[in-house]
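Please see the structure below; I have some questions.
Here the chain labels run A, B, C and D in written order, and each chain numbers its own residues starting at 1.
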Amino acid sequence: MLEFEIVEEGQGKLIQPPDIEAFREWNRQKPKALVDKLMTEQEAISRFVHDGDYLATELYGTVRCPMSLTREIIRQGKKDLRIAGQGVLELDLLLAAGLVKQVEITYIGLEVYGVSSALRRAVESGQVEVVSDWSNGAIAWRFKAAAMGVPFIPVRSMLGSDTLKSSAAKVVKCPFTGQKVALLPALIVDVALIHVHRADRYGNAQIEGISGFAFELARAAKRLIISAEEIVPTEEIRRYPDRTIIPYFLVDAVVHAPFGSHPGEMCYCYARDEDIIREWAESSQTEEGAKAFLEKYVYSVRNHQEYLEKIGWERLEKLREKAEKRR
Amino acid sequence: MLEFEIVEEGQGKLIQPPDIEAFREWNRQKPKALVDKLMTEQEAISRFVHDGDYLATELYGTVRCPMSLTREIIRQGKKDLRIAGQGVLELDLLLAAGLVKQVEITYIGLEVYGVSSALRRAVESGQVEVVSDWSNGAIAWRFKAAAMGVPFIPVRSMLGSDTLKSSAAKVVKCPFTGQKVALLPALIVDVALIHVHRADRYGNAQIEGISGFAFELARAAKRLIISAEEIVPTEEIRRYPDRTIIPYFLVDAVVHAPFGSHPGEMCYCYARDEDIIREWAESSQTEEGAKAFLEKYVYSVRNHQEYLEKIGWERLEKLREKAEKRR
Amino acid sequence: MAARNYNLTELMICVASRLMPDSTTVFIGTGIPMLAAALAQKLHAPNLIPIFEFGGIGATLEELPLAVGEYNTFRKALAASGICDIMETATRGFIEYGFLGGAQIDPYGNLNSTVIGDYRRPKVRLPGSGGANDVGSLCWRTIIIMRHDRRRFVEKVDFITTPGYLWGPGAREAVGLPKGSGPYRVVTNLALLGFDEETKRMKLLATHPGITVQDVIENTGFELIIPDKVEQTEPPTEEELRVLREEIDPRGLYISKG
Amino acid sequence: MAARNYNLTELMICVASRLMPDSTTVFIGTGIPMLAAALAQKLHAPNLIPIFEFGGIGATLEELPLAVGEYNTFRKALAASGICDIMETATRGFIEYGFLGGAQIDPYGNLNSTVIGDYRRPKVRLPGSGGANDVGSLCWRTIIIMRHDRRRFVEKVDFITTPGYLWGPGAREAVGLPKGSGPYRVVTNLALLGFDEETKRMKLLATHPGITVQDVIENTGFELIIPDKVEQTEPPTEEELRVLREEIDPRGLYISKG
């Protein structure tokens, strides 16, 4: 029976250990009734995001990402956030706004525009603690473990690397084959934000194109805020139930947010706003620049509607024209 | 480190132990080129199903099930099959035809029409060996482990039961939480049959409605035969890539099989043929009855086309009319 | 208004149906649970969320499914996914009630649907667990629907296909099953039964019309807890029977089995 | 026909592109691999199957993606799924080539994209693994694209974000990584490099036009294996450059970085 030994343990920490039984109890008390959850972003963020929360956002900051909700978090100044990190704009803005305390990181950067200056400043100054490092696959699989309702998941990534040493994974020998596999602990977050193409008022949500890790994250969060390009009648959901990736009982709040991913894109809806993405990449290189950007695009508007007006409808219309349609 | 101990081991056997490295090598040599795989059911079965194969079919025998391929296996008399078993009509026909040697079972029965007489005769006489018992979830999760490319998967089913004792699962203490979980070994089959709504000639396949365990099984098979109600141009697949559940590189053969699930149903296409399902339930109660049914509907026709002609187009048209459409 | 003319299948369906509160998730298997859920949706629980193992979530049960993957299990549903998603939804604690049948049951609600006799040389090979073990392991409350006789209600089942309370209090937790889950009710053709909070043994709650406590005891192969006060099941109402016969099973596929 | 007027980014793209055979699966990250894959699809490998980590399989790369989840990663694709499916497809051995970058590389192809300096008190905090560790662990053959200098090509990386051959022959298998996988080529602005079969150490294969073996040695911070015969890289052809400049990156987002 000794074949199932623990071979190695990462030295990274977990922000929260996986408590599967508590998660079951939590999920049991979530309402199963079809209640109207449509609300403003102000209400959704103030009710369901708290200081100190462990937070995750889905997909990358420039693609189907809950940017309008992220900006509202910054406006409301929710602080001491802990984040599970793969992110571009959204996590970068939170870091620059000084709202993040700890991070389980896989990647925070600006993709084509290079490393994140906000991350560098935050980590190199010690303002933000990186409690552990993971791969993208590992973070997604950790959400998947939580979504499966089990405390860990075996994978073949991370093995042999310092990424594993800086994570909280454990390497064991498989009791069936003797081969070494990495066990990753389930990742249950306090609150998740996911932006979708359409949802009904109850929270049944559907996505077009790639699904990233929406399926897994939606099932790994204690509280879930959905923002949607379009709010549709439940009849439309019932007509295409095979398109529902997130059933209503996972959802706490539904926010109507057209262009909710701006300056990122939304496939089949609108294209990236490259100028503003580049503006962030450039201005965030200094602390002052980052602050000025936040002032201009976040603090100086009261809500997403005002943000869109500031960006300008003509400009937004052009982004819509640039996207390929299929309906 | 002793917290990750093995607490209990099922006494059931595995038909094949999970060899993940061999599976990787196998998958590496599968062609990644877009080659035309459209062929007759005769060719598909004779090339890709061999005597002694470990076989699995997807969904239940009365719902989106590869019945035309199953009948072809019986016509070709592929024998000594080992099967991973959740099944209604399809596995029942294979059992009645005397082609099955071993089974890892979860459920073989006739649902509303009760227990399977064919299973009873085969098992109680010792003709077929039940090597292990599992739950439906467990079999699906075992395919999922194979689909994830890992040798096992942790779950919270099966614990404390004789089902676990008669399986090959192992119970361990989680190294992160100390709680007991069941580890299920990955299930890689030699060949899988899946019936879908549409596929292109390369094997890119799409399903409407529930997906059962098509996603998992397609990824857990060394060889995969797809039968499809409709063969569509690849352009249509490329227009809705988010509907593709099975990408082409998993697939070895594509068979055009309208009414391929008959007498079962195909959602949005055609309804169940209740009379024939009941005819099987009744005639299979005796060995002679089962043989007569097989003669009538399987051996006496040369292929699926002749089968459909035997059933009659008028009758099939009525089944089509009974199904709700959405396109 | 109470009806007089009904058979025991109809009675069991009505009793099971009343155990399904509105706006609750229920894991539904083939047969009586399907009729009970359809009846509940049409009468007292319009927003009952039926969940079927192959992927259907929140279907509108206008026509009766004949199989657990059939179109009617996801007709006008809120989501149509797959078996892993459904079983994992149960693992995460989202499914309140699970409905099960079986060939044998013991005082702790352990269920057998695998073999009668020895496992290796079975007298009768039954279909096997199917989703039953998952439902009984993972849903919060299991409701069992069975014919009531001494061959079925036995001191010790030949094979524990699906765990009830195993050997008693604390046993489920000890083997790793979810805390606070387990059998909740047993609906038979004679009675409605539950489980004692402390001992986890089966307890009579109510006898059906025309059935005495003694009838129940005589048809049970183990010692039942009989509380001081045993309720009487309300018979099916005219409305329940009408909906059942005219709307849910007009062809009498199930309810004619009496 | 060989061109004369090109910059080193263009050269690296062309060299990387030629390493992508037709009808093969390639795992593509941000930047040069995207341009190389698009170039390959338009020239010698029309049926190259690009795979992107957030779900795109077999996209038609007519326009260049600017992000790994962007519309162009699944435009006219064969499938659009999610990150777990993609990473598991790699785990099952379906992805032949994986393209990676990094801030540091060592003789065994181990890559660092996490920190410069001490992990706990980093001099520079880099973005972190992202998908790199998964790609380098799970694809059969990893191809690395990097600038070539002594700060980047080091004896020992500050942090192994992504495993190469670790400490040498047999090391990947010893830690549990898939048998027979590992780094395959390194494309730099100076040379094309590979790995010695026996020692698993980096080996010079070809120098780029105008670059000497000595140039490569001087810009490498560890001992390179220099075989008797070092090839010369074919310069970009006129056709490669035309397609790259006119069709793939007409706005010069990448190739202007020269």
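Things to note:
In this section, a contact is a pair of C-beta atoms (placed from the backbone, for glycine too) under 8 Å apart; a residue touches a chain by one contact, two chains touch by 3 or more.
Because the structure is predicted, anything quoted here is derived from the model rather than measured.
Listed here as common contacts of subunit A and subunit C: B. Most remote chain with respect to subunit C, judged by CA-atom centres, is D. Chain pair with the larger contact count among A-D and B-D is A-D, by C-beta pairs in contact.
Rounded to whole angstrom units, the spacing between the C-alpha centres of subunit A and subunit D is 28. For this pair, subunit A with subunit B, the centres built from the Cα atoms lie 36 Å apart. Annotation: 58 Å between the Cα-based centres of subunit C and subunit D. One inter-chain figure worth recording: subunit B and subunit D are separated by 40 Å, centre to centre, where each centre is the mean of the chain's CA atoms. Shared interface positions of subunit C, defined as residues touching 2 or more other chains, are 56, 74, 80-81, 84, 91, 178.
Shared interface positions of subunit A, defined as residues touching 2 or more other chains, are 21, 148-150, 155-156, 179, 181, 209-211, 239, 241-242. Taken together, the touching pairs give a contact graph of some other shape, not a line, ring, star or complete one. All chain pairs that count as touching, in label order, are A-B, A-C, A-D, B-C, B-D. Within the complex formed with subunit C, the subunit A residues making contact are 21, 23-28, 30-34, 147-150, 202, 204, 219, 234, 237-239, 241-242, 244, 247-249. Residue ranges of subunit B in contact with subunit C, taken from their complex: 59-60, 62-64, 85-86, 88, 105-109, 111-112, 115-116, 119-120, 123-124, 130, 133-138, 140-141, 144, 155-163, 166, 171, 179-182, 209-216, 265, 267-268, 271-272, 274, 323-324.
By the touch criterion given at the top, residues 1, 4-6, 17-21, 148-156, 170, 172, 174-177, 179, 181, 183, 185, 207-211, 239-242, 326 of subunit A touch subunit B in their complex. Put simply, subunit D touches subunit A in their complex at residues 30-31, 52-56, 66-71, 73-75, 80-84, 87, 91, 114, 119, 122-134, 137-138, 159-163, 166, 171-172, 175-178, 253-254. Contact residues on subunit C toward subunit A in their complex (touch as defined above): 22-25, 47, 49, 56-58, 60, 74, 76-81, 84, 88-94, 96, 140, 178-180.
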